[in-house]
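There are two complexes below, and they share chain A, which is joined by chain B in the first and by chain C in the second.
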Partner chain A sequence: MSRITKEYRLIRKTLASDDPTFNPYRGIIESLNPIDETDLSKWEATIYGPEHTPYEHYQFRMLINVPDSYPMAPPKIMFEKDAILHCNIKSVTGEICLDILKPQDWTPVWDLLHCVHAVWRLLREPVCDSPLDVDMGNIIRCGDTRAYQGIVKYFLTERERNNHT
Partner chain B sequence: MSTYEEEHGIQQNSRDTRETRETSQEEQRRQVRSQLQELFQNFGSTGGEGNGHSDSTLLLQLLSQLLPESLQEEWLQEMDNGKNKGCPDTFAASLPRINKKVLKPSDNCSICYTNYLEDKYPLVVELPHCHHKFDLECLSVWLSRSTTCPLCRDDVMGHRVINEIDTTEAELEEDWGMYG
Partner chain C sequence: MGDELHNRLLHQSNNTKDEVLYKIIESLICSICHDYMFVPMMTPCGHNYCYGCLNTWFSSNTQKELACPQCRSDIITIPALNTTLQQYLSFILDRLGGEEDDSFQKLLTTKIKEENDYKLNKEKDTLFEGVFKNSALAVADDSDDGITRCSNCHWELDPDEVEDGNVCPHCNARIRNYAGGNDEFDEEEYSEGELNEIRESMRRRRENRPASVDPFANRDDVSSEEDSSSDDEPMREHIPQGRWASSHNRSIAVDAVDDDDDDEEREEEEEEEMDSDMKDFIEDDEDEDEDGSRRELVLSALNNGHVIITDDEEEDAQGQAPAEEEDHDSDFYEHNDEGFVSGDSLDESQKQPADVDSNSDSEDRSISYPSSNEVDEQDERDVEELDDPQPKRQKRFRVVLGDSDDE
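Presenting the complex of A and B:
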């Protein structure tokens, strides 16, 4: 059985559990599943915005591409286009800049749950030293948390309004 | 089956020239492609260094506008692969094997997530220094791309020289004892 098939089983079992010791992703990962059950190379995941961040109370969907060489090569993870504002995410494409997803820092012992969890942590702890979104990076670097939170909240309320109309 | 031209001893002039023209065009295209790749990768690695290269960044920008993004990504990845080469093929095979009796039912390979004992004849190896265990098959694929332990990032090539010398010397001595 291939590694990704094994993972699929494990992911289903883990996320279905209410026991916090068995499922440490409660309140973090809402769902993680293949888009089409017969094709385990394309996945989707939804995470909850972390508490005490401007992303709280919102959900974020991402698309995951699992290459043939997985787990020797990392999965490719993108947010949906124009769905999030963050200094390590290119909003227009959804591209994420996260070291563990780069080929040189990846190791095959990590799985999709780890990766999605790591993206969630990136929302909680933005890394402004190497920003993909330079403007957002500068706001954080200046220490202007109020402006940062305000601009993210504004973006997200706009996003919700556009989704409903 | 022979063609009309062959049966009648006629040269198929028109078709031949068209074919050669097509192949030379393809050849040209391939050449241009490899030249572009060379340019792209050279500029990428020296990009923006010193005054003499200030115009090369401009060229790189131009190039990247011309090339499709997927091709650029492929070439960049090729460069990365060249940089972090893995261990020599013999390294993984030279690692000490783990006896089946030592393995617990819950022990599994953290690369393929399979329990070692699911296999009747598990081939498990241990890395020097950090002593992390993996399936030989999984680990050799990983070590062909990297020189670090998947679990702790220990540089596995850092601790191997002494071991190798020891074993060869021991074998030599044994032989001498038998035939001397």
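Presenting the complex of A and C:
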């Protein structure tokens, strides 16, 4: 049985649990499952926006591509297009800049839950030194967190409005 | 005393016993394939993986050093068969083997196959596809000015050349430990004055940081070291603790420098002092790296990940003297005075040359950051800390500065 199959079983069991010691991802990962049960190379995940960030109360969906060489190679994780604004995410494509997802920093000890969790934490702590969205990165660099949060909030409100119309 | 735990366990509830057993079985699972380790190999850092998994891991990233997937430390010596774990698993299989069904049979087949693979490789002396035989180590010899060399052919390993591939440029041997230095936070890129500024700036940044962007607080996180650091000593924990902490640290440091345009200028001036011959060449970091006449090697692996700063006194002195002779405007000294002072003071082997300097140091700093209330307090603490041999900073850098006749 391949590792991803085993992971799938574990993920289902973990996320279904209400026990916080068994499921540390409560309130973090809403769902993580293959798009098509017969193809474990394409996954989708939904995370909750972390508390006390402008992302709070919103959900974010990402698409995960698990390469054949997984777990020797990292999974590719992207947000949906135009669904999030963050200095380490290219909003137009949904591309995420996170070191542990880069081949040189990846280790096979991580699994999909770790990765999704790490992306969630990236939302909580933007790293403005290696920004994909340079403009957003510069705002943080200048120390203007209020502006940063304001822009993100505006973006997300707009997103919701567009979704409903 | 040797049977204390045995006896205790016997008197525990079934729940506890189950818990213990469960934990033991779990420790027999490879964190790479999430399956039982029929041939558990233990790395020098004490982590266990299947022989097959570890082998695949080594060969899947031939561009890199051999690193432990769990803790990322360099795997310098060949992992050994962990017979204890292997016996546990065999024992458990033995005892649970009563009801033979398909899935259990499958386990047994896998076990036999993996054990045979291992045995065969061992007999043919091709364990891990010979990667530990055909690869070299990056070794720094202190009696040779600490220059990092390939253990196979003794060719000097320039981090720039080794960078892509972690391969010796001369004999093409794969280097088992991390030989490239450029990924590190290059302390020698900055004068100590700048390092202090970086620390200061990071401290301020941290204080200003709103609660919403708290550093990650969770386990297994790359930046968790940062979290555990106390606010008093913002930089200490940011001095890279090996290669893997470095990208994070470096980025912070670079950012801090970018805060202030003066810093770049200052950095260049510092470079001039380091090696006045160089001043015509240096335009920016890249150029300096390319011309290669100034070598910096940062080698951590051999010392179990401990990196040692050896700040060569002679070189310091040489570096300073010409700079002082040079004709600089008053502005230059205002900027660099601070750099000199703290540079010396950080170096434990070198005693503070003059009290005057330390005064000007604190003056300078309070001028630079008049807005920060904690500055004075911090200053005092800084001076104290700097005079200290810095007991906390165990992982430090070895800085090797070569001369231009290297190439």
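One rule holds in what follows: the second predicted complex is superposed on the first by the 165 of 165 C-alpha atoms of A that agree within 3 Å, B and C clash if a C-alpha of one lies under 4 Å from a C-alpha of the other, contacts with A are read in each partner's own complex, and residues count from 1 in each chain.
The rule is short, and it goes like this: contacts are C-beta pairs under 8 Å (C-beta built on N, C-alpha and C of every residue); 3 or more make two chains touch, one makes a residue touch a chain.
Note that the structure is a prediction, hence the values are computed from the model and not measured.
For the composite obtained by overlaying on chain A, chain B and chain C cannot both be accommodated without a clash. Looking at the shared chain after the overlay, A:129 reaches chain C, while chain B stays out of its contact range. In the superposed pair of complexes, A:71 makes contact with chain B and with chain C alike.
Counting the residues of chain A touched by each of chain B and chain C gives the higher count for C.
When the two structures are aligned on the shared chain, A:143 is found in touch with chain C, with no touch to chain B.
Once the two complexes are overlaid on the shared chain, A:3 sits against chain B and chain C alike.
For the contact definition in use here, the residues of chain A common to its chain B contact set and its chain C contact set are 1, 3, 6-7, 10, 71-72, 103-104, 107-109, 111. Touching chain C in their complex are the following residues of chain A: 1, 3, 6-7, 10, 52-53, 69, 71-73, 99-100, 103-105, 107-109, 111, 114, 117-118, 121, 124-130, 141, 143, 145, 149.
Considering their complex, residues 31-35, 53, 56-57, 60-61, 63-64, 67, 69-70, 72, 205, 208-216, 218, 220-223, 244, 247-248, 251-252, 254-255, 258-259 of chain C touch chain A. Taken in their complex, chain B has these residues touching chain A: 77, 80, 84, 110-114, 138, 141-142, 145, 148, 150-151, 153. Within the complex formed with chain B, the chain A residues making contact are 1, 3, 6-7, 10, 71-72, 103-104, 107-109, 111.
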